[in-house]
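Before any comments, here is the structure.
A, B, C and D are the chain letters, set down in written order, and residue numbers restart from 1 in every chain.
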Amino acid sequence: MNAKIQEKIASRILFFCTVMVVLPVVMILAIILYKGIGAISWEFLFSMPRNGMSAGGILPAILGTLYLVAGAVLFALPLGVLTAIYLVEYSRDNFLSRLIKLAIVNLAGVPSVVYGLFGLGIFVTFFQFGASILAGSLTLGIMILPVIITASREALESVPQSFRVVSLSLGASKWQTIRHSVLPHALPGILTGAILGIGRAAGETAPILFTVAAFYLPKLPTSVFDQTMALPYHLYVISTQVPGIAENVRYGTALVLVFLVLMLNLFAIIVRSRFRKRKKW
Amino acid sequence: MVTSDIKFDIQSLNVRFAGVQAIKDLTLQVYANEIFTIIGPANSGKTSFLYSLNRLNDLNTTFRLTGTVRLDNMDIYLNYDVALLRKRVGIVFALPAPLPLSIFDNIAYGPRMHGLKNRGKLMEIVEKSLIEAYLWEEVKDRLNTPAFNLSGGQQQRLCIARNLAVNPEVLLFDEPTSGLDPISTAKVEDALRLLKQKYTIILVTNNVAQAARVGDRTAFFLMGELIELDETNKIFTKPGEKRTEDYITGKFG
Amino acid sequence: MNYRAHKLKEAVIEKIILLSGITSIVIVLLIFIFLLKEGLSLFSSVSIKDFIMGRNWYPISNPPQYGILPLIMGSILVTVGAAVLSIPVGIGSALYIAEIAPQKTREILKAGIELLAAIPSVVIGFIGMITLSPLIKNLFHLPTGLTALSGAITLAFMAMPTIVSIAEDAITAVPRQYRDAAMAMGATRWQTTWRIVAHAARPGMIAALMLGIGRVIGETMAVMMVTGNAALIPHSILQPVRTLTATIAAEMGESVQGGSHYAALFAIGIVLFIITFLINGVADIYLHRNRKKGLK
Amino acid sequence: MDDERNMTNEKSIIKTRNLNLFYENFHALIDITMEIPEQNITAIIGPSGCGKSTLLRVFNRMNDVIEGVRMEGEVDIDGQNILDPAVDMVALRKKVGMVFQRPNPFPLSIFDNITFGLEIHRLTQKKNFEVIVEHFLEQVLLWDDLKDKLHKSALSLSLEQQQRLCIARALTLNPEIILMDEPCSALDPIATMRIEELMQELKKEYSIVIVTHNMQQAARASDYTGYLYLGRLIEFGVTSQIFTAPREKLTENYISGRFG
């Protein structure tokens, strides 16, 4: 059968394509794990760097990333969820809503380094926050805004229309309906979006280059107006800017960063699939 | 009939969705405490009509309406509080639509939205509503279990009870038994007959025989127009219009 | 709560939500305004033509020269290379995941693709720098492995998750009724996939490609780490190049705030912003077309 | 139907014996044994969820697309058990055409819709396509309306035209049996009537099995009727008998509109 053979060949080729996509992921992760695991120790995770960052730990970079991420989410989550509520529940299909959607699409496509420029222009210079955790968090927050909006929109749209109709038909107001009959059921989806946003913020380097990241700081930041080190920037620095850093320190740093980001993503994937299984509609 | 008995007064109602006419120049009255049934083939405007009465059509952004709909002589499209309207005019949908909550919380949902928080009072309302909807005996021991665990027929009666809990005056039914088996259908129909003593009932059905069984008056809709409206037994024994006769004898639809 | 207070509360909430909704537009405008504010001053000393078409990028020589043609060529070379590598593979694997893989495998593959999307670009750059570029150096007997080719390969991986997941969405969104019809006519799965499904999903797949390319053009860290960063017009894919994004990231630290170099880097930002704006806008149009067709 | 035909006189084209079908753990079709006569219209009726469509989709193995479906028993078409794992699916589906509830033309031109089957099965050379397209469009009475816009998208047609096009598309494979899954439920009364007329024409050459939720349609348009309830075949017989003198109480309840 000609058609049958054709089918066999085609599916082999497509399978091979898929392998080409997935295999490198596995390889990258395997290499990092294999070469980096040796560097991981109590001291590496919880102490300050020493000897021009060639020894000691990466504590300030880890903490800095956590601060930045927390700030970004504090800013982006409420704003993103409210925007999604506006788009799904309030807006009609008019010029304004189309403009907002276009804006979101374009925010999602703005190169991360342009966010860096923007953050430098507005937060560091114009508002005079200086290179600081505040400026960096806000820049990252704006960058992850489209991620959170999109995930929240999907979550809200997946709530069956009947829940809204039922609530309204019982005489509940619009906001009551959203608050009691829509949001609770969209929450896991929104959470997933937030976690994905966190993962993205934790791994990005370009937006923080000029807004917050420090090459090396001898002490931990004490306020939101301080600079801080951050994991991804630290990895960039020790792998390209400082010669003579031991390989396992670089791999160790990469491992910590990847572990942090992937755990967040894995967590998001689990939350989502749990939720999909549980929901009955 | 004296005017005070008129619950809904609809005058030259036209409904369009995205420019397409769903209801054409409709004028009719619904009396208090009757079961008013509406029959007709798919796309004849039955559901659009029903949704005009509690303004659920408003959710569709392409919806346009002309004409007047009066409830107890007040125009519901003129400075009328929509939430209050929907509280007075409850609706039961074709498919049972429980919220993903417990049986208790489903029924308490409406009263809570209207500001009632006292658990004891809520319990009273839940019990009373479930009794009225003929569900109490079947569920009284498991009020805190998810409503999704009920059978289709039970879910549909739960939806009726949920409406009763906000003390409506009119109940709209949109093909409420189309997904149910004969026994569940009979139970819902029994509930309808008893409910009409306290409530005005407007029933849309695609099952002609159901209209004949439970309706006091029956209206036949076709392509958005009211073809005929009369006492139910007259519609089914000597319809005035050929098209009505063709429909109820199954020539089309 | 009494009736009027209730109404008021509703109205206030509605206003807050509307304001939040508008923020996105405001942010896009702000980004553009601030890029212009910092970047426009360059054009008082350099003409737009010299900026775009100039063949020399010597920002710290005296007098400085701000021609970004080598950077544009670098970006184009790397992007085209990445597109050539990633498009067939990406579409192929989207078809496999959506149409052929069994349910369980599909879930795992999709999670795998998501993980790839999540790996920070600096990590991919790091791995590319350490493993890929020595490989290329030895393979082609080059003085350095940090070339446009290394950049293209690295970026192809980074575009993959975007291409695969959006194309996969488009394929999955093709109504089942088309598949049913083809199957009921005795078409094999491949005939159905190729003649009907891929045809119906075409707008969505085009959007996926555009967004993938948008991602590639905007990528910064990985590309900076593996392409060698030589701001010269490349004659071969085996030469080092420097992209628009990498230039900004690499040089902003050395520039003086308010100086012409600083302004030139913002001007590059403007160029990037406009390019990605166009690409994403076009992609969105295709995505919409797909959605409308899907509804039917 | 006023002609009282005796079932045993008809040659049957589909025979099922103790057919059982499960979705995961759900027993969707229970012990169905029936014989569907050749060159007649056989209607399958029953309330929603009774398994009508599932049964129809057994006859061309369309249920196979769904994961977790398991079948037992026998279904014979032309003396071959089509549940046999070795059965050639392509040949089966050429023999058994299908028309769906919602008209589902491909998002291609009218012309390409008709030629799709010819191309994938290489039934004829390309130069014959024009003649064939004309022939089949004429058979479903679309030719006069569409002959000037054969290269327009099929999705631009009215629902009735789309459904006719889908029928024509099924006919191109020269099937013996045509399965119709509520083919008129998306159409208005007049279009419904015209499709029913077309079915009467088609039954001269093909055997038709139609699933319908509209009992009057079954009564009007079919020669034989089977009543399905909760996965069981309650009654099967000549249509006039089913509708005037059903043997089973359940059938009577359903056709008299006690539920459904």
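By definition in this document, a contact is a pair of C-beta atoms (placed from the backbone, for glycine too) under 8 Å apart; a residue touches a chain by one contact, two chains touch by 3 or more.
As the structure is a computational prediction, the values presented were derived from the model and not from experiment.
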By number of C-beta contact pairs, the top two chains: A-C
Most widely separated chain from chain B, with each centre as the mean of CA atoms: C
CA centroid of chain C to CA centroid of chain D, Å: 49
Between chain D and chain A, distance of the C-alpha-averaged centres to the nearest whole Å: 52
Centre distance in Å when chain A and chain C are each reduced to the mean of their C-alpha atoms: 16
Distance from the mean Cα position of chain D to that of chain B, given in whole angstrom: 36
Multi-partner residues of chain D (at least 2 other chains): 90, 120
In chain A, residues with contacts to at least two other chains: 3, 173
Contact set on chain B toward chain A in their complex: 54, 56, 59, 61, 83-87, 90-91, 93, 95, 97, 99-100, 109-110, 112-114, 146, 148, 159, 162-163, 166
Chain A-facing residues of chain C, complex: 6, 9-10, 13-14, 16-18, 20-25, 27-28, 30-31, 34-35, 37-38, 88-93, 95-97, 100-101, 107, 109, 111-116, 118-127, 129-131, 157, 160, 164, 188-191, 193-194, 211, 214-215, 217-221, 225, 245, 248-249, 252-253, 257, 265-266, 269, 272-273, 276-277, 279-281, 283-284
Residues of chain D touching chain B in the complex: 47-49, 185, 188-189, 192-193, 214-216, 219, 253, 256-260
Touching residues on chain D, where the partner in the complex is chain C: 60, 62, 65, 67, 89-94, 97-98, 100, 102, 104-108, 116-117, 120-121, 155, 166, 169-170, 173
Chain A to chain C touching residues, read off their complex: 3-4, 6-7, 10-11, 13-18, 20-22, 24-26, 28-29, 31-32, 78-79, 82-83, 85-87, 89-91, 96-97, 99-118, 120-122, 125-126, 142, 145-146, 149, 173-175, 196, 199-200, 202-206, 209-210, 232-233, 235-236, 239-240, 250, 254, 257-258, 261-262, 264-266, 269, 273
